[in-house]
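Some structures are shown below for you to check.
Each of the next two complexes has subunit A plus one other chain: subunit B in the first, subunit C in the second.
Coming up: the complex of A and B.
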């Protein structure tokens, strides 16, 4: 989701601390005991920043540290902003996004992470399917039922499936797809003698029906009463293969039975014996070779599954050609083939649109979030899937000031420095004129219950090739506490009028003065001169030195088109890289406040900077990126 | 950032709703506005498509002329919009409809508080929860349910009958869940909590 201009992103400091930093590990180890002095943390970052360069919003690393403010959390124990990379998640509950029912965690795995009720997604277009009756005119809502997609008009009739009742569709569907001789499936009659090794809905299962049983001459093992039926579906085949290989592993590790003797290897070994022999017999055998009493002359060999009982499925050699012929036939065509996206969630055998089965809805989760370093819970939502409330929610927005911006619309008369032609209207932030200064109102709103002192710092010229000049007219200011709203109401009642509401047109931005101030917010003016894009560099070059904007604007306006064209054909360095024309301003924010730490007094002692009895001086510093707009090319 | 309208563009009701004079609202007696909601120019709100109650079940033809039936069933509500909701330019709100017992009938469209409906979007949802954001050029299919804090991206086509759970971001055609909004979404003044600010900007 790209944001419309203007936006403010906040950089999580975790990107600055490299992963194998020993000091970080030490800190994280100590922090649960609350013994570490937590105060130096922001200062450490300050030092880091001083050593390094200013934050470059366009650096490749910045992509990973910049977050919209509402996605950030705040750990009260570490006193630090936490981004989605600094947290761990724990699943609270699973729920179906369609019916919003919770699935108990014991059932999640058995249901394959999918809804066990009537929620299905269209296999063709992923839209949710609805259960509809075929008898619309009846009025008594009876008759066969189908799943139909309201988006692409796919129905289960396309694959020849109808349901007898509108409830428990998933069980009905599972029954149909596992039992081949269902009356609803009219398309093919599958012989029951040898199981169809695939879903009965796959069109070419009829090919496999003619497949002679693999190892048909081989007699079935008598000592295997459980496998009376041959596995039919993929899942059953997988289960058969799994048990087979488990048995193989067990058989080869337990005893020195001759591996060639298949009948013996199939017998399920005594569990206790197997466990015992894992720790005694095999190890001794492995160590000393023939030292064991049950000495083996040769190591046991695991064999592969060879019969259909064991889950082996051999496609008929002609099945591939049959598929190809079907693809080439006229009634299939391109539309008859399932796309890669459709096949991704289907059985691997599904090649055609007719093979696609409705997909039960994937479950979603509600998760609680913990700080990765100190393991404190930062976010804990209510358990109920439909609830939107939180038991614990430590979001960064309730700690760091929320920055909003809007362009300052200047009256045409008072602005002497600006060209008076079009400055009265709001500047188009999607097409900022290069070298024409604009002024923005940057409002910081405090959500803490303590007043905060803010220091803003920004490089005078933005990093990157498009050098825009930035000036914060009042870089240091205070923001009031987020006190009771009634206080403000009473104050504004006593005060005759607030300066903000009088008339913004009469004010002029002055250096060193805040523009406006409210109960818990302060507005300062940010003056930005958008830089010239590289394609225009030749002409704009003159204008950068002297701040004569009128001439420069005219020049660039005249020559914009020609230069841009030539820039594209010439040097790649002269071309504008993608999003290089976005005017991003890095701003370093440092906030100081005195917090009343009566909640956990041991932290106040640990910080060692307690001023009074219960007041602790805190500070927090971070980089913020203000996206002002896009420079017109 | 909504475009600033000319003076006198909006009619302000007693409860603070600001309704553009250029909006097209049909069947006003079947529409409930919670107050402080904004309806911009060229928005179409079809209050005339309300559920013709049991009397119309016998005569399904009455849906072809709903305005004639409007006088008969004056108490049926077609569209409910909560407080601080914002209907952008050229958006269309239509009550959802479906075949119910063989009769094509309309169902009420409920829109919660702090809802944003983007430009040129078509909403036929059954219910739109609080703090839902619907981007521009989006289509919300008939009988869809958008739970609280759902976020519909620009140009998304939410299929008919889809349920978008809370905090989920949906996009694409057909829409599917592509992500979740952050925990701070909907905080006053931040992303998702700009409804009061938007209301203030409109004059």
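Coming up: the complex of A and C.
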């Protein structure tokens, strides 16, 4: 509830009617078989009770169902408001926010969700980097190129990297920071290991190289280590370790699983069977003792990586002290150390600012949204990343009236002292005086092309410990259709009585009468008497009753039900809970309209409700919470 | 210094000595003290720049001062070097009524300010603030919009102070440094040359970085490419490595010069003079 007062939130009905999940369906299928006469009935009764209940804006559950109206969608098939919890999202496309180029999702899966082109973020401050030349003498753009940050002036010169070309920087960077290419004999294996390297964990590696010659470390056999292929970078070591353990798994498994296809081996039925048999076998062993143990020949023991070309990296004993000395040296200092934020996306070895590498930009997605219950598409953006248009966007505000509020400034007694009095009469919504009535103008603006009849209902006393009295002076009214703007302009020219809006001081709020009305909006008056806060009331009683308990009781009796809580005034629960002083008013909105717009005949035919192209009566009801202000304590 | 007409602003290259708040102050309150201004003829100073104070203000050649900048010389002389850009709504010096070394707040009633102007002028005039509160801007300094620089600050050449940055009293900023937007430098700080102060707010939120000037060799690249690459990189560092970081800075200064020239041309064309 961080919005400024006054605000209006709308409660999505999904909190009361949870989305159909499979377990619930199963239960409902089971229930008629087992306890058909008894079970459904209490559930129904419960539902009825829930419907009858007043929506409590302070209930812990309601926190999750209240949304600002602009965040809600509307499903035309279900005829229901849809909050972010009752929709599903689908990723339409991945694109780089910097260059707006789309990346196919297959490439995202294989190479990670970072831009493969020229887009980089500064490793020091995360601002986007730009490609600049070092040669500013010549007119033609030539010479070495660097990435530079416009904000913190970081350049790749800080880490001693220059590029030969201004294009395809990422490939150049990968070539520089990863292993050099390997002999031609291994190309076949390289392509295979390359694919393996990319597939499952490439999302986690910060510098994703997309050039094939990455991994020069795959040992041909474990017996003969090749001197040329000792992995030096972290990624290469990881790849080497991975290939090594993959070979180990392949060597130790009895069944002939294709060693090259490690990822798929878990999903093959053969392996699945083997995995399952592990558990059943142990269970059998546990049951029948050691008798069966010898029947299973134990697989050969897997060994760990021992040499450097298998990916094992033994840190030098002096490396830690070297790091500490570097930290302690004068030219490093606090500013030379990489911060946690900077290290989050870097190689774990990066300890100093000089170790940071530029980060390719993270990709973004465009998503379409569907209704969870009927799978109807609610939001579908344009496919192209450069376009911000939407093909479909069923936002709730085009179906439900937008509620806005402002305090009604009480009419001054004399017109002469008008400006000073009116400014004095404007209530401060952040500190409402308890028990002092204020009037609010509640405006509902219709965005549909049909006129709507609105019925508002509110409990006369707000739920919760701080009981404020609420009266809607005109609970039932009509709102005009969202017709052509010119119509209103012409209308107002013919009907001069609209000028009453300009001078509201002459008006007095009357019960049963609409305050003001426009083309597609209607304003009614809401009268609120803010309740007293628990702590305040106690103090007041002390003052009045001269520390006499009897007097206290009398007072509480006078104020009837509002003081139910005063009996337990001793316990610490008497203190105001956080945000308990916020005056939230639950309002039940029921809207009725005859939809005879162009869209609806088709819809009516589709749903079988169409009355020969005639208008269809529709209604929609929901709870709304009006945040009026904060009661002064 | 001729007193310009109140209604009609003086020509653009002549420093104006009137403030926006003056007409509202009324005739009863005395006018704030106006400093003696020595401005180069090639400087471009907007009409609505506020100059107040008792100590002299010197403006170097080619400097541009944008509209609604405020320059107060109550605590000491203000020297603005050559080819600087002082952006709009920034505050140089500490306005009277506030202690030196505090961040300048722009809110305040005009009448009050003028009253305090007088008081501040008297105190500084009597006490003789001297060199304590002098503001010195060397050449090619860029001050961003709404930045505030307290009295007693020395800024060396090529420094950029970005939007809404606040520099408190007695700070010394070394050459080619950069104070990023909204950063606040605490009083008495010493910032070495080629340093970037970035981050949010003040204190621990701020980080410093030393910009690279010479060439460096990346250890990863070096280890991967072996001896040959290291040797070539070493050669490069010897022959022109010291220049590499500066080339970028030179390019930035070149861009700044073009901006100034374009602005001077633009104003000259619009005025129909020169």
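The working rule: the second predicted complex is superposed on the first by the 332 of 633 C-alpha atoms of A that agree within 3 Å, B and C clash if a C-alpha of one lies under 4 Å from a C-alpha of the other, contacts with A are read in each partner's own complex, and residues count from 1 in each chain.
Here is the rule we use: a residue touches a chain if its C-beta (ideal position, glycine included) is under 8 Å from a C-beta of that chain, and two chains touch if they have at least 3 such contacts.
Just so we're clear, the structure is a prediction, and the values are computed from it rather than from any experiment.
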* Asked: Just subunit B (first), just subunit C (second), both, or neither: which does A:73 touch?
  -> first
* Touching partner for A:176 - first (subunit B), second (subunit C), both, neither -> second
* Would you check which partner chain A:385 touches, where first means subunit B only, second means subunit C only, and both and neither mean what they say? => first
* Quick one: classify A:151 as touching subunit B (first), subunit C (second), both or neither. => both
* A:125 contacts which: subunit B (first), subunit C (second), both, neither? -> both
* Structure fact -> Partner touching more residues of subunit A, subunit B vs subunit C, is chain B
* Asked: Is A:112 contacted by the first partner subunit B, the second partner subunit C, both or neither?
  -> neither
* Please work out whether A:339 is in contact with subunit B alone, subunit C alone, both, or neither, and reply first, second, both or neither. => second
* Asked: Which residues of subunit A are in contact with subunit B in one complex and with subunit C in the other?
  -> 125, 136, 151-152
* Asked: Which residues of subunit A touch subunit B in their complex?
  -> 1, 3-4, 67-73, 95, 97-100, 125-128, 130, 136-139, 141, 149-152, 364, 369, 379, 385-386, 388, 390, 393, 395-398, 402, 404, 406, 426, 445
* Structure fact -> Residue set of subunit B touching subunit A in the complex reads 1, 4, 99, 101-102, 141-142, 147-149, 151, 153, 157, 159-169, 174, 176-177, 179, 181-187, 189-192
* Structure fact -> subunit A contacts subunit C in the complex at 124-125, 132, 134-136, 146, 148, 151-155, 157-161, 176-180, 232-233, 335, 339, 353-354
* Asked: Which of the residues in subunit C come into contact with subunit A in the complex?
  -> 178, 180, 196, 198-199, 207-212, 215-218, 220-221, 223-225, 233, 244-245, 247-248, 250-251, 254
